[in-house]
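Structure incoming, see below.
Think of it as A, B, C and D in the order they're written, each chain with its own count starting at 1.
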Amino acid sequence: MARLRAAYPILAQDIAPGVPLHYLDNGATGQMPQPVLDAIIAHETTARANVKRSVHTLAERATNAYDDARDAVAAYLKVPAREVIFTAGCTAAINLVARSHGDLLAPGDAIAVSELEHHANLVPWQMLAARRGLTLVRLPMTADGRLDRAALPRLIDKRVKLVAVTHASNVTGAITPVAEVAAIAHAAGALLLVDGAQMAPHGPLDLPALGCDFYVLSGHKLGAPNGVGVLWGRYPLLDAMAPLMGGGEMIRSVTFETSTYARPPQRFEAGTPPIAPAVGLGAACRFHAALDHDAAMAHQLALTGRLIEGLARIAGNRLRLIGPAGLDDRLPLVSFVIEGTHPHDLCQILDRRGVALRGGHHCAQVLHAVYGVAGSARASLAPFNDAGDIEACLAGIADAMKVLLS
Amino acid sequence: MSDELYPRDMLRTASDIRFAGSLPDAGGHATLDNPFCGDRVGFDVTLADGRIKSLRHQVKACVICQASAALLSAEAEGRTADDILDLGDRLMAGLKQDARPLLAGHPAFDLFTGITRHRARFACVLLPFEALEAATREAEKATS
Amino acid sequence: MARLRAAYPILAQDIAPGVPLHYLDNGATGQMPQPVLDAIIAHETTARANVKRSVHTLAERATNAYDDARDAVAAYLKVPAREVIFTAGCTAAINLVARSHGDLLAPGDAIAVSELEHHANLVPWQMLAARRGLTLVRLPMTADGRLDRAALPRLIDKRVKLVAVTHASNVTGAITPVAEVAAIAHAAGALLLVDGAQMAPHGPLDLPALGCDFYVLSGHKLGAPNGVGVLWGRYPLLDAMAPLMGGGEMIRSVTFETSTYARPPQRFEAGTPPIAPAVGLGAACRFHAALDHDAAMAHQLALTGRLIEGLARIAGNRLRLIGPAGLDDRLPLVSFVIEGTHPHDLCQILDRRGVALRGGHHCAQVLHAVYGVAGSARASLAPFNDAGDIEACLAGIADAMKVLLS
Amino acid sequence: MSDELYPRDMLRTASDIRFAGSLPDAGGHATLDNPFCGDRVGFDVTLADGRIKSLRHQVKACVICQASAALLSAEAEGRTADDILDLGDRLMAGLKQDARPLLAGHPAFDLFTGITRHRARFACVLLPFEALEAATREAEKATS
């Protein structure tokens, strides 16, 4: 653990004089380990060039580095590299599907989206529905913040052409049984898009085993630079999609009047791609793949259990968990409300102890509306978190309650 | 327990409910969300001679935003929508520059001197100004 | 000059044992100066967090850094910060206008695009024209690779709603008289979009004086990281545009059925933005703004003149310049063909001397088709280039001609 | 002047025009561009018994691509589209692995051993394979 913490330069400094950082906002952005930073610095100082355009040495190094990054992501997801598209982020990846695949849907078709979704996996479908005259089907959640599996077979009927659900909720932490949802979707003739933004940082994935058709993730949540994300899709699906953006790299041939396009993945990577961010993402995938993720998850869930117990002890019946209370099928993240305190006020007071939690609706207003609250506070863990982080968080919450409820 | 950011006065002001509620005869109403936390502030206003005569607020928000709504309500009578806009702009400038007073002529707003280092919270202070301005504009439109 | 070269870590190393780097591919990607790299490292190790979502110290630092980056770009362009939208790059910026502003155009309207354009400023308009039933008007160039000003008043008629031209050609180097084009466009009731990808790296701009309506640029060409670019637009134009992508940060309020959107610039920045790349771009703008760009341009054009003379001396009447021969109203970049040699073969041989030129169509197939060639070789300079770079390039070309024409 | 990447043999092969031109009675034709440089390779083919009988190429490309087109043309007779695809795949693998010979059974292609370190140029070698495969498929379709 100490060795893992040492890999993160940001943990080495105090956040204010004498106040060490207790970073529990990993769900918003993952911290960058040194090997990723080193890979970026090496790239910018020894291999910086545009890709696929020039034959000089720097351009070759850059092109190789970019190709290697795609290979690293493909290995992390267990898919062929040519099915991996680099995007600007998870949000851009979902919007690409909503536009380019969405334009293949016909008025009257339906898209099924869960109440649990991050705005990134809801608003693009609203926009698509408005643009193409489609129906949005609402997949409900259970009282403890999980996708309601019992409701799916009835709601996912023949009109539904695409189901969009998160692999794990960024608010409740609930993990979706993707293979089961995939079976239901496919039985109805629908495709399944899975939002892996929260799941991907917790270790390598086996997308073929999940059985979904599209998968998206964001680099920064894995500790890579901002500005890169991934869309994975089955090749024939990608190959049937028109490009969303036009420009360099995505063409086969251009005349003034018209152009022909390259095959995927290039077709969807118009312009200079996020080369260095992708190189960082490749390094991040290798870094994560080298961790023992079963052990890391057990460690993080043990801390999650301590946090939930501590919250109940301190806040008593003012505590409201936004999500399941148990530790099964969940990520190591906890969202909660303490009655009479506002999440932002709580987080502001925690900050003075170096404890970084996030407060607000976490880009999931629908979910919070179902719970009848405007927002919540969230602690989200990474493998490097330790018992000290949890103790500091609990002490800060006790403190905040004194300030805000006195 | 006292505190730089959340002084006792802030909590006391936040729980001042003199102007909470609604106006059945409101000439204008507006509700605005803070898109980053889902907080919500609504205002009802009535005008006399184009100026705010009475008002009530509906606030579901953090302590800072509640306190700001209460202070603003207490100082709003007799003002126009443009006045409110101007007050908000000047308070924003004061927050950015960490000025004293934060808002010239309105020492009560010095309640917020503790947050000048926390830009993310400026929106919490300003949301009531935006909502009251919008409500007043609506009332102005209705009477013009 | 030596001090300026010292600012670029990539120039400090040999590209192969005993072979120093002569980087003359600045038009493809600008090299990253140390202050930009330092800004990125500092950000990733002391201020890394998501922006605008959390109230903890790291999130505040990140949000401030991102806001400061927008201010730095705004100052570089002399425009208000709220008119500056961060995108994934220049290509993404043009596509955003082509979609979000383009959707406001009506069937039968026309868009005027020049023959000089990079595919990034042509293919999105082709896609828009096909999608909305618009006409593409072709603005011709002169024999020496400049926009043909004489032809504009006739071609830009009342049907034309948008004119899209480059500020400077990435192939011929010709600088467009933007203010003049803006006057012609506005007289016809059309808006003007200017592609600043090549111009922006050559110093601060005064967009209000140029008189255009939209301006786009790419961070990596200024030495910033990949993955960030800029769309500037007049506020009322931006405010009239619907968002291209949906997700976090771009909303005002979300219910399951529908959402309301934030005002610009947030409306167009869905999802976690390219924070660290933007911070790098802010640092790059400050770095460039601190250079004496008049002196730098004079220096680079003097080298450009030496290069053109040397090419004529070595290649004689095998030389064909793709662009003007003079040094007025041009960027310090030279594209050329040496009859009987292929640009890629030439560049490959130059590479062995550490000379990095780019060969190919430079994403400008239409321009090359007008010249009747498939591609050209291009040397593109930056302020740090020196006489040694030009000598190495010329020696390499003489060498390549021996290899390829023997 | 000789050279690792551009040996005299490469230049000589590139200027081999035995198979340049077109076939008036072609059963299949295809032209492909290299999207990154605008280079273009076209092939005309005629078949006999489903196999390439004669062919001509139209090449506007770099020396490497010209040489590849010439070598491939000289070895294409009697092959099917699948054969050409397979040859191209094997040559690509040889280039990636820097194998010797680059293409087992076809030592002539060792002309390209100098470019194995230059991945960007692999496409120059492979473009003729893709174009010939496409032309042959077209001819196969026309006769089936």
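Just so we're on the same page, contacts are C-beta pairs under 8 Å (C-beta built on N, C-alpha and C of every residue); 3 or more make two chains touch, one makes a residue touch a chain.
In UniProt terms the chains read B, D = Iron-sulfur cluster assembly scaffold protein.
Computed from a prediction, not measured in an experiment: that's the story for all the values here.
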{"item": "Chain B and chain C: spacing of chain centres that average the CA atoms, whole Å", "value": "44"}
{"item": "Distance from the mean Cα position of chain B to that of chain A, given in whole angstrom", "value": "36"}
{"item": "Between chain D and chain B, distance of the C-alpha-averaged centres to the nearest whole Å", "value": "74"}
{"item": "Per-residue multi-chain contacts in chain D, two or more chains", "value": "36, 118, 121"}
{"item": "Touching two or more other chains - residue numbers and ranges from chain C", "value": "53-55, 59, 249, 251, 253, 344, 348, 359-360, 365"}
{"item": "Chain contact topology (line, ring, star, complete or other)", "value": "other"}
{"item": "Full enumeration of touching chain pairs", "value": "A-B, A-C, A-D, B-C, C-D"}
{"item": "Touching residues (chain side chain B, partner chain A) in the complex", "value": "1, 3, 5-6, 11, 36-40, 60-64, 118, 121, 124"}
{"item": "Residues of chain A touching chain D in the complex", "value": "52-55, 59-60, 63-64, 67, 251-253, 262"}
{"item": "List of chain C residues in touch with chain D within their complex", "value": "342-345, 348-349, 352, 359-361, 365, 368, 374-375, 399, 402-404, 406"}
{"item": "Residues on chain A engaged by chain C in the complex (per definition of touch)", "value": "9-10, 13, 15-16, 21, 23, 25, 28-29, 31-32, 37, 40-41, 44-46, 48-50, 53-59, 88-92, 94-95, 98, 113, 115, 118-120, 122-124, 126-127, 130, 136, 138, 218, 220, 225-228, 243-251, 253-259, 270-277, 344, 347-348, 350-351, 354-360, 362-363, 365-366, 369"}
{"item": "Chain A partner contacts - residues on chain D that touch it in the complex", "value": "33, 35-36, 118-121"}
